[in-house]
Structure formats: structure tokens, C-alpha cells
């Protein structure tokens, strides 16, 4: 169109008019293309729950054409068997059901991300956070089973805590651990409530409310059981 | 009636029949009288909120005829001025609005009750618990402002905590302090959620759910802002 | 380190510095060791739900090296068969799914713990409370099926109620029994709401709210279906 | 129209057509007129809250043209002063704010309606129920302050309870009284939860859920604080 | 004991003392025996859900020794096969899963109970109400599928509605039918919300709240899906 | 009856009397017949979930006698196999489980209905809306997978959006898409929350609340997952 | 920029690049200008609650420069006095607090919008809907006080209902009226729940859930008390 | 103590023993002192709501002895007048009620923090976030009134968005803006729900749930109206 303007085939007024109506997608996609390099190291992600295995397989096959890492969350062993035939680098993380295909192992995060979980039952969610952060190019450590009812367990890890640039704290039941961790460090803490508990835990509501009302100020919260979101956000912060 | 039986004026069968239908209140009140001595040191309690000052004054006047301690909860200074004219021993506890008249200062509790509060805003509820326990004949100590976001504050009080026979923990917001205290001691912990907080605290619901889901096992919970109930139950336990 | 200070190999300043950074776990674990004897008779507990049977078996095998009693909650017959091969003293409590291994039968509780349940459907939770209290060295009695809709059932048990040092009251549906029991005795009452009910019971919420709002003052509440917690707390109180 | 048909001015077909489209209100109002005599003794009722005093006054002035009793709920003293000038028989019930004008004092209910309240704070709602039942031509008795935490109070009233044809039970907090009363009698029980309580009473939700989940089967529930509805329904039953 | 008093073996004072402590159960059970005849025609009821079939069978076997009707709610065909072998009069009501054994067919209710349901999916709950009322000795009619979205269906049944002494209205989704029926009649209406619906029905909560907030005043509500309770209460009212 | 009046066999007064009591159903059904033509093109609809396949088959067989389109929602492949044998035009929509039998393909809607869905998981609900609108005689287009987290996707469809007369927007999770679409167009937007999500989505509550609180004013909301309702209402609007 | 391209001062490539990064607001505002004519008759709207009167006055002053109608919602008399000084055409709608300035009285809606309210307390919300629809150029009628507890009131208005092109139904308490109206007409119904009610109405939640679960299919719902939204959406539909 | 060891006055064993029991506060406070420098630029913060003005004044007087910045949240003009007399640098931020005393104006944040708000009513919360971030040494920009119902407003700010290192998004009602912003940038987004809205916003619950369920992955959420927390966390991230 601009060539037409230059060649005089299109008046400036008409061009303005057409630009005004230019479909947004063009500009949009252009902008996305333009921004891609900034997004290097961001994985392609598939939420597998509720998707047919052959459907997931098809998506992965398409994704393998580019060079991003691939992360499948909430999968299972059966799905893993399928994916492994597509790419031998596929790894299965049994507790969380995550399947990762790491093709780009460059470390992009500037510091260490630490994943802390309160109870052993919270580990599947913690593992999802950990795998996500690894797939996105971070050094990740984890401390499991340091719930507040034995406060010495988390206190004894204070050096580990202080060595991290971002901390993800995963907890169910009363969800109190993020407040304690938040008070022990000066770095950002991402709190992940889990649905672990029974009765008045109301499927994670108790932990969620606890974290939102934390008296520590360096804390923000993601959805119940959203280990992926925590790992993703931590990775975004760690690239700053 | 029994005299009639003895005197032959009433057959045994008729007496059985009448006893069967004997109004429960007679037996009931008798039993209460009989049990009173066991209840020595239990105060007379008035929940003042929503009652007219002259109404409360009237009740207190009646209570002064016996020798129990008297506790008025959720009162205010104006009410206190009235009550003071009835008995000079009346004391006003300004933060909680409690008014106490201690006429029986005998210590009946076997150990010390410790009242711990997470934030300064939780102190009114903590004070209500403390006054209640004192009026019921206990030695009471308190530690205020030791919330979990600075975990060292509560840890530094571990000796105090270990010196108590029963601990009342008062906390709003995320309500995490009882879990931490529960893990630090071997004695019973009574958790009191408060309505302190805003937004997703939902008037104390967050703290309440947190305490009910505590991963420490030596904890039970009372209603939101129920400092009186906690002080009362602690006193009952402390007499065991 | 202290020897180095004594020997002059370490300056006082450096020692202060190192102590300041001394990992908490050391102090922590020391303190736990020191406190152990106070905790004699506390069982090792495993929450079996959601754990693989072989996993539970492994944990039990480890626990059997010391001499504590062992309690597995929310297990099943299959798990029991495995555990029985490890220790013949293992007992299965079929209603609650609890498995206990009592190796230390010393009575540590000073009085009797009484477990009261409102309906026959509440018995599994009541049984969990009872087994827990027994494993922790208490004499325990139980009264089942004395719900408030036939008030004479609980009234006829008033002697039993008065013989107890602590009472655990288990109730679903409207959860009214603890209020009635609380008014009949002067000892502490631990209220356990159950998820028994349908419709507007909302999985135990109705019973939970009822208990938290009890007009009796000697009551505290634990989480829905938390028989274990009630039995544990009652044991803690019963040792006072 | 029927006359037109008879006179031949309207064909049967056209009449059918017009009847088919006959506005419902005509039939409706006819039916209402027809039913009126059956409804003798039903009061005219005004819910005063949120209505301007002069507005209520105007409505009452209109109502005074017929001979029904008049009931104003949720009024206040100021409104009462206005209404008294319209009819000297107006009575003010200060606790509930009800204002009644009884012009038809015929007893239409076949038995006695008994209003029972758990606590003194529940009396305003109980009074609204009582006044409503009286205005609708019933003999009404009341028993106040017989909450379940002192079970002997209600047991001692068993004769009173058995003398009633319908029982209204008003209770806040845990709302347990209807279950106990329901089990003591064979007559219908109407349960009224009140918003009395604090914290986890959630403005009457706890009492409401308790009553809906009652293990007694002769109970139905009305809205929180709805003394009027309970009194009205009891009157309807009492005329059967 | 009374004989001892008569015989002079027990002083009046001592007898009073012993009576004061007479276990409540004796009086209680006596009173129940005494009242039994008043309760003629009340069925023995078993809530089958969650009970083992052999357990239910055992209870029924015991009940068959007396002459009451027997009602089993929430059963199934398999259970019915067992029960039929115990008593040939057993009937299976397939939609609700109720099993009834009618041995006493005397009509005790004074009028007709009408069960109205809004949708075809609500019929199981309606059937439970109907069977309960029949087993308790009432004439019962039913009208199904007259929900408010086609208002003419219920209007066309106005004669049926007016012929009933008590009406039970069963409705899920928005639960609006009781308000409409309540306005059409002068008799008591028992509203039964059902869990029929999806999404924002929240398992019957929408219908429950709708019924509790009904603008018709002759309505009371029972628990979600509680057809039994509605049938029971209607029977109690119908005997008045 | 009117003939009797005409013939003098029935007085006008008696006829009025009988008309007054004429069962509503007659008038009602008449009115429905009368209105039918206005309703041309409205399908017969069966909600299949919870209905036995043979039951649905029976209903369909009855419906096939008239000429309306037939729509079965929430069916499955097995049901489809049955229905296909009744009418070969039956079509199965596998994602939503809808089965349609289109016998009247006349376009009655004046414009195009556009169905927009936020995520691929929302497509089943979107498909239900689309099939409903098609069966009711509308031209329907759809745009899938244009959620707000990549705002350019929906912006690039602005021409499509502007070509529609009514837009249905289907979204789970945060339910934000209707607000964005509502702001981009001047036509009515029907928002359908879905139960897609986990944790704090609370089965669609988050999306529902989001849509109800939309800051765009041309939006109304239907129940969670109610694709059928949205398609139906859109069709009703599209005939205006 | 296009002139630069034409004049050769800017290469086509550079222009494409700049266009790609052209701030959206320019395109955006252009598009809004371009679309304005389509939006003729849409009023400028101010939500007054929580805004300072002088602030609202300032906004109105600015709006008066163009020729749109102006609508202020949730205002009060004091604000009206200010606005009247700016434009004498300002009208105050006292029940809803709406203030309208109608400068463009052209009727743009094709049919009549009918606003129906269940109770007299719902009229403020109904009035807001009515004023909104009038300000947006519609003929509007209203029917008030036709709640379902007297079903004949709404039935008697069936002709009025059938004369409308869109119906807005406003109801609090159980919110049942939209279902009834929806079943009586073939046009779209916009349901507006109100916060009228008490107790278990939970500030309009009961009515909201009722409407969302309506068994009539031609209904969609807006936020609680959102008369404005209903009037706006009805106007948008009425222009189709 | 270490000096005693060195001087031989204390055996190593005794020292170990004393260290084991060394009150935690000493270590704790030491650690805090030691960490202080790391915390340079962290303000002293007072939550003023519910505190007496003279109390706040006293705290500020104490704080002025050190050199940190001081931030008072949720204050008012009256409080500001008091504080201004203590330090002339005090500034009042009228919309949020924040009062700041900036004594240390060093910029410590590495990039720009951008505060975005959806509606003008959200500005008080946004201002609290902005002031907090400024007091903590950050460059802060803000964009107000860019809600999603006019999507072009936020799109036109894409350059601003891309210039920020961390973005705080403040929104009430449906809370959709964070999802849109999250999708437009690669930096962390902190979402702040506000209590702005009415009806089904349930005091911010709708916005909170919307944000927790965001389909954008670079988002975490803080409590409703918690502008301070968002500003604090953003500052913590910005120092990384």
C-alpha cells in the first residue's frame, strides 16, 4: 500500500483511511514477531488435562519444528510414552505429571530460584514449579517438608533461603509457611496454595486466604495448585 | 410427696407415676445447687453489647448479692462509670471494653496461662482472654506483637512459652501464629482468630480457616474475636 | 568451636560472628533432643491417605527401630495386611481405617477421656479419636448415638459424662451435641464436626459453624472429621 | 359478553375467542374476592423498614376502611406515635418494633401456639412471631431464655411444650434449640434462625444451617430473623 | 425405693437425695414408653445410604417384631431383594430408592397431602416425600412437572391445590414454585429444594435460598433433597 | 357451554360462575395453541443428562410426529446411535454431546450470531450455543481461542465482531473476554461463564462473577456452562 | 507521514516500520471517531456514588459542550441542585437518585421496552432502568408490584407483556418473577436481581442465583441492583 | 560469655549448654542488626487505621531518630496536620490517605515501576502503591483509567508498558485488566484487586478471583485494596 502511495496510485487521504481500518491482526502479529527475540527461552506449554493424548502428541509434533523447550503439565505416564517416541530428550516428572523436552539448556535466569514446600503432600505442586523454572533456563533448588509446625526445620535452612534470588513457597492446609519465609528474606516470595488438606481447607481456600492475608509484605499469591504459574513468574523475575 | 408415701397417704404405684412426670426443673435446679461448690470461682458473666446500660446495672446489682466475681464483656467507659458506683473494686480494661469486679482473688488454676497475640491490633481480644482468665482465678502472662512475619520475635520467647501450662494464641490476618506456637510446646494451645485484617480476610474467616487447618495437633479453635471463650476454656483446663 | 576459642585459635569477635550465623538447625535439633524425654509416649503418626502402601510400609519399618507407639490414620485393610507382617501387635480399627501398633502401654493420662458421638454415622471419626487417645496412653471410654433429637439419651449418660476429665464430642449434621454436653459438665470439651449430612450440611460446614458458635464456653473446635486432632489434644490436656 | 351471546349479538366462536384472550386479572380478581371469606382474620401487613413514616401512615389510613387487623413490622416509636393518632387501639411492641391494631379479636386458631427463644437477645424476633400470631387470632404463650447450654431449662418446660399445638423456636448462634425441642414433642416445630451472634455466626448463617440440618424430622425453617413468617405459618397451621 | 420409704427403711431425706441423683435414663425411658401410644402410626425409619445391606437387613429383622410400618430411604434394588425375603409386603419405589413395609394401613391424617414437583428431575425427591407420608397414614396425591416457566401448568391445577390440607412443593434450579403455590392457597406449604441444576445452582443452594426468601408467608423450608423430612412434617401437621 | 347459553339452557349468571372456575389449563392450552405460529422454528429440546437412553428415544419418537426441529443437549455417542435409527437427519456434535435433528432449515434470524470462545477448553460450551442457534434458524459463525492474555487475537477479529448482530462470548477462568468484546461492539453480548479452570475458579464462579461485574454495559450473563441458554436467547433476540 | 512517503522523504520500509510501532491510541481514537455516528443517541454516563459533587459538576460541564444526552446514576437531591444550574432540562428521579439531561429526544428504539418490578421496594432499581432506557431514546412502560406470591397480578398484565419488544424484570428476595415472565412471552427478558431482602437473601445473592438458574431460556441476568446495565442493554437490543 | 571461655572462667561444656539455651532473641536481634544494611532504603511503615492519632504521632517521633523514610498508610488530613509539625517534609496523598516523610531520596530500584489502574475509582489504591514504591526509592510512573471495556486505551499505552521493569495493575469490578496487561509484556505483573464495585463484586471478591484465575502466567496477586503490599513487593523485585 505504501508503494502505491509513493507511486501516486493512492492519495494520502485514502491511505490514511485504509490504515485506520487496517485489521489489527496484521499489526498484532507483526509486533509479536518483532518481540519474539526478547522472549527467547520461553517454553511452549501444553496443559494436558482434558486433552486427548493424540491431540497433545499432534501439538508437540508441531512444536518440535522450532527450537523452544516444550513443557507439558498435568500429563501422565501413558502420555509420556507417546511423547518419548517423538523426542528422546523427553523427561517424565512423575509426581506432578509434567513432561519436559529441554532442547535449549542455556541458563537465562540471573540468580537461583528456590522452591520450598511445607509438607510432603505438597511436593507434586512444588515439582511442577521446579520443572517449569528449569525448562525456562534457571538454576533451581528445592527444600521440602519444612512446615511451620516444626519451625526449626525452616529456620535451619536460612542460609539456603538467603542464597536465592526468588523463592517459591508451596503450602496447603493453613498456608502459613510463606509468611514465615517472607519475614526471613529480603527477596520476592511467590506463594502457591495447594488443595492439600480436608474439611475446612475447602480444597485449598484456607491456604489461599492465609497467603493473601500474609503479614509479610514481599509476598504475592498465585492460584491454588498453580505450580506452573509460580515457576513461570519466578523465571520472568529472574531474568530482570 | 415422700412424706405422704411414708404416711400411707399415697400408694407406691401412684408415687412412681408422679415421679415419672415430675417436672424436670426441680431435679434440674437441685442438681445445679448440688454442683455449685464444684463451680466455685466461676464468675458471673454479662455480654454487654446491645444491652441498655441501666439493664446491665440492674443485673450487676443482683449479682452483687452473692460473692462470685463479675465480668462484663464488650462494655465501654460510660458503662464503667455506672458500675463503679455499685462496687469500687470495679476495673475497666479499656482496649477490650471488659469491666471486672474481683471479689474472690483465690488462685484456682494450677499453672500459668499465657496469652500470646500476633499483632498490636489483636490486643483487645487478647486482653479479653486475659481478664477472663484472671477473674477466674489464674495467674496470667502475656506476650504481644510476635507475629510470624518476624519469626524471631516468637522464638525469642520460647522460655516464656515453655513456662506456661496452657497457651492462648490470638491472631488475625492469616492466623498462622498458633501453628508455630503449637509446634514449639507440648501443652494445649487455644487459638483465637480475630477479625483484624481487610479484603480477603473476610472479617476473620481467613484466620479462622487457617487455625482449623493447622498442621500442629495440640490446637483447638474458638469463634472469631472470642477472647472470653478462650480465657474461660483455658481456666477450665487449668483447674484439671 | 568453643575449644578453639579456649585454645586461642579463634578470636572472641570471630566466634561471635560465627555464632551469629550458626545454622539454626543445630540449635534446633539440640533443643528437640533435649526435649524428647518430655515427649515420651507421643506416638509416631502417619497420615496414610494418598500415600502408596509400600511407602507407608517403609516409614513404619524405620519407626520400628525406636520404641514409640505407631499410629497410621486413614488406612485400609490392605495396608493393615502389610503392616501386620512387620509387627504382630498391629491392630486394625475398621471403621476409621486406623492402624495402631502399641508397644508402650503405660498410662500417662491422669484421668479418663470420654468420646461421645451424636449419630452412628459419626462413629468412624469418633473411633479415630479414641484410638489416638489410647495409643497416647490414656484410659478412654465412649458413648455412641446420643444425638440431641432424643435429648434423654445424653441426659441418661450424665454420670458417665461427669466421670471424665476431658470429653470429645463428635457430631455431624447440625452439630448441636457439644453445646448440650458442654452445659452438663465443668471439664473441657473438644468438639469435632463431621462431614456426615447432605444438602445444606455442605460437607460439615453446618456442624463446624454450629460448634464455633456454641453458647457453652468450655468448648473448642477442631477441623471437620479431625478425630486424630481431637484425640491428640485431649491426650495433651490429660497429661497436665 | 355472555348477555350478548344469549341475545345473539355475538357468535359462540367469537365469544370463545374473546374468552381465550380474556385478561387474567378479571378471573384473578374474581377468584380473590370469592376466596376472601376463607381468609377472614388474616391481617393486613406492612413491612415498615425503608418506608417513609408518612407513607406507612397513608397505607394504614386506607386499611382502616376495612375491618381486618393491621400489623406493621420493623417500625419504631416515632412511627407508633403517628399511627396511634389514627386508631387508639394501636399497640407498640418495643423489642421487635411491631405495631398492631387489633380490631377483630376472635380466636380462630384451634390450639395454642408456643414461642420459645434460646437467648434473651433472640426475644425481639420471638416477639415479632408472637405478635403476628396474636393478631391472626391465636392463643400464644412464650418461653424465653432456654438455650441448650443449660439443657435443664428447656427440659423443665416439657409440660408447657406438650400443651402446644404448634411450636415456634427462635435461636441464634449455633441454632441448636429446635433439634432438642423437636425431639421432645410430636407437634410441628417452626425454626427461626436469628442473626444474633458474632464472628463465625456470619449474621445468622450458622443458625440457619444448623436448623436445616436438624436431626429431628418435625422441623421446617424460615428465613433468618423472620419472626413474622413463623407467626404467620403457625397461624395457618393452627386453623387446620 | 419407694417401698423402702413406705417400710421406713429409707428416710424421706435420703430418698429425696437419691431421687435428685436418679439417673435420667430411667425417667427418660419411662417417659418414652408412656408416650408411645401417642406416636401410633409413626414408622420406624432407616437411612440406608452408607450402611451395609446386611446391616440394614438386621435392623429390619428386629423392627419386624413390633407392628410399626417400616421405611427405608435411599436404598436400591439389591437391598430391596433382601428385604422382600423378610416381609412380602415390602415395596420398592425405584426413583427415590425408598423401600416401604406397610403393615398398618390406618389413615391417621385428617386431610389430603399434595406433593407438587417443578420438573421431572425433581420426582425422586417428591416420591420420597410421598412414600413417607403414605407410610405415616395419609392420603397423598401428586402433581408433577408444573414448573413456573410455564405458569399455566400450575394454574390449571388450582382445584387440586385447593383440595389439599398440606402441600409439599419440590423444586430445583431457581426454586420458585413454592412462592407461586404459596400465593395460590391458604394452607401450609413445605418447600423442598433439590440439588437438580448445574453451574450456579451450587448443588441446590440457589433453590434453598430462593425458598427461604420467598415472598409468600405460608412457607417453611427443609434441607436440600430432604423429601423424607417434608413428608414426615406434613404427616405431623396432618394429624393436628 | 356457550352454546348452552345461546340455547337458553344455561343462565348468564351460571355461565359466569362456571367461567370463573373454568380450569386454567383449558385457557392455558388454548393460548399456547393460539401462540404456536408465533413460535414457529422453536425447537423441541431434551436435556439428556440423567435420563435413560430409552426414555430419550421415546420422547424423540413422540416429537417426530410434528415438524419442529429437535435438539438433545448433553447426550453422547451411544444415545446418538439410537436417535439416528429414528431419523437419518440426526447429527452428533461430539464436543458438546448435542444431537440435532434439523427438519426445518428456514433462516428466521435477521442477522448473524457470532459465538466467540476464550480458550480451546471452552469450545464444548461454545458448540452447544452454536448448535442451538443453528437449530433455531440462524446463521452462525464462530471464533475460537481468542482469550485476553493475547489481546491481539481478539483485536484481529474486529471486522468479524462488527459483522454480527448478536455476540455470544464463552469464557472460563477469569472470564474477562466479554468485557473486551463488549467494549469493541455496539450490539448485545451474551456472556457464558464456563467451569473451565481449577483451584480458585471454584467450578466457574470466578468467571461468573467476572462477567456479572463487567464494566461494559451491553452485556448480560447466563448460568455457568449454559451454552444452550445463550444460543436460545440469542435466537430470540435475532428474530426481533 | 504518508506525505513524507509520497514526497520520497521516507522510504516505504521505514514507513512500514513506523506504522508497525504506531501508538495504538491514534488508530484507536480514529476508530472511535469513525464509529461515533453509529453510536448516536448513546448518552454520556456518570456513576456519581463516591464522586465529589464538584467533580461531577465539572464532568457535566465538559459534557455539555457536545450534544449527547447526559445520565448521572446514584446521585442525590443536593447534586441535582448543582446540575440544574448548568442546564435547566436536568430532571431528578428521586427513587433511584438518577439525574438526566435529555437534549436529544429522538426515538431510536424500534419497539417498546417494558420494566416490570416484583415489589415496591424494587422500584428504585426499576426506575434506574427506565430512566436509562428513556435517555437512550426508547419508549418505555412499567408495571410495578407484580411479585409471584400473587400470581394473578402478573397474569393480568399478559397483554402489556405481549406488547413489549424487550422486558426488564426487577426482583429481590427469591427473584422468581423473571422465570414466570420469561415463560409468558417470546421476547428477550433481562433479569435484574436487587439487594432487597434480609437474612438469607445475602444482599441479593439469593435473587441473583435464582435468576441464573431460571428454567426459562429467554433470560439473561445482570449484576445485583444494576438497573442502569439492564436499561442500557435493552436499548442496545431495541435498536437492532 | 566467650571472653569467660577464653579466660577459662567457663568450661566449654557449660558454654555449649548455655548457648543451647541462649534465648533466640539475642541471635535474632543480632541477625537483624547484621542484615540492616542490606535493607537500606526500606521505610518504616505504620498502618494508621484504628490507631489513635496521638499514638501514631508517638511512633513517628520515635522513628524520626533514625534516618529511614517513613510511610503512614490509611491516614487522613487531621493526622497529617499532626505529623507535619514533627517534620516539614511530610507529604499528604489525599486520595489514599497516605502520609510520607522522605528523608532518603536515593534511587535504589534498577528500573521503572509502572502503576496502571482500570477505573478512576481505583486510583486511591493505585496511589498507595505508587507512594510506597517512591518512598522505597523507585522511579514510578502511572497510567490511570485504562479499563478493558475500551481496550484501545490500554493498547495505546503499549510503549509505556514496555518501558517498565515491573507493572502493578489495580482493578476492581471484574478485575480483567491484569490479564490483558500480562499478555502485552514480558515483565512481572503484580495484580491488586480493589473493593470497587457493587452487588456481585462482593467487596472485591470478583476481582480477586478473576486475577487468581488469570490466563496470563506472569501475574501474581495481593490482597484486596492492598496497594501498599503491591508497591512493597514491586520495590523488592526492582532491587534485584
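Per-chain residue numbering starts at 1, and chain names A, B, C, D, E, F, G and H are given in the order in which the chains are listed.
The rule we apply is simple: a residue touches a chain if its C-beta (ideal position, glycine included) is under 8 Å from a C-beta of that chain, and two chains touch if they have at least 3 such contacts.
Worth saying up front: this structure is predicted, and the values here are computed from it rather than measured.
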Where chain F and chain G overlap in contact partners, by chain label: A, D, E, H
Proportion of interface numbers common to chain E and chain F (over half same, under half different): different
Pair with more cross-chain C-beta pairs in contact, given B-D and A-H: A-H
Centre distance in Å when chain D and chain H are each reduced to the mean of their C-alpha atoms: 54
Centre-of-Cα separation between chain G and chain C, whole angstrom: 58
Chain B and chain C, separation of their C-alpha mean positions in angstrom: 24
Set of chain A residues in contact with two or more other chains: 27, 31, 155, 199-201, 205, 208, 212-213, 217, 223-224
Chains touching one another, given as label pairs in label order: A-B, A-C, A-F, A-G, A-H, B-C, B-D, B-E, B-H, C-D, C-E, C-H, D-E, D-F, D-G, E-F, E-G, F-G, F-H, G-H
Chain A contact footprint on chain C (complex, rising order): 21, 23-29, 31-32, 50, 193, 195, 203-205, 208, 223-226
Chain F-touching residues of chain G, taken from the complex the two chains share: 35, 38-39, 45, 110-111, 165-166, 186-188, 190, 208, 212-213, 217-224, 228-230, 232-233, 236-237, 240
Contact set on chain H toward chain F in their complex: 118-119, 147-151, 155, 173-176, 179-180, 182-184, 197, 199-202, 205-207, 209-217
Touch list for chain G against partner chain D, complex: 121, 152-153, 155-159, 198-201
Partner chain H, residues of chain C touching it in the complex: 2-3, 5-6, 8, 12, 15-16, 19-20, 22, 27, 30-31, 34
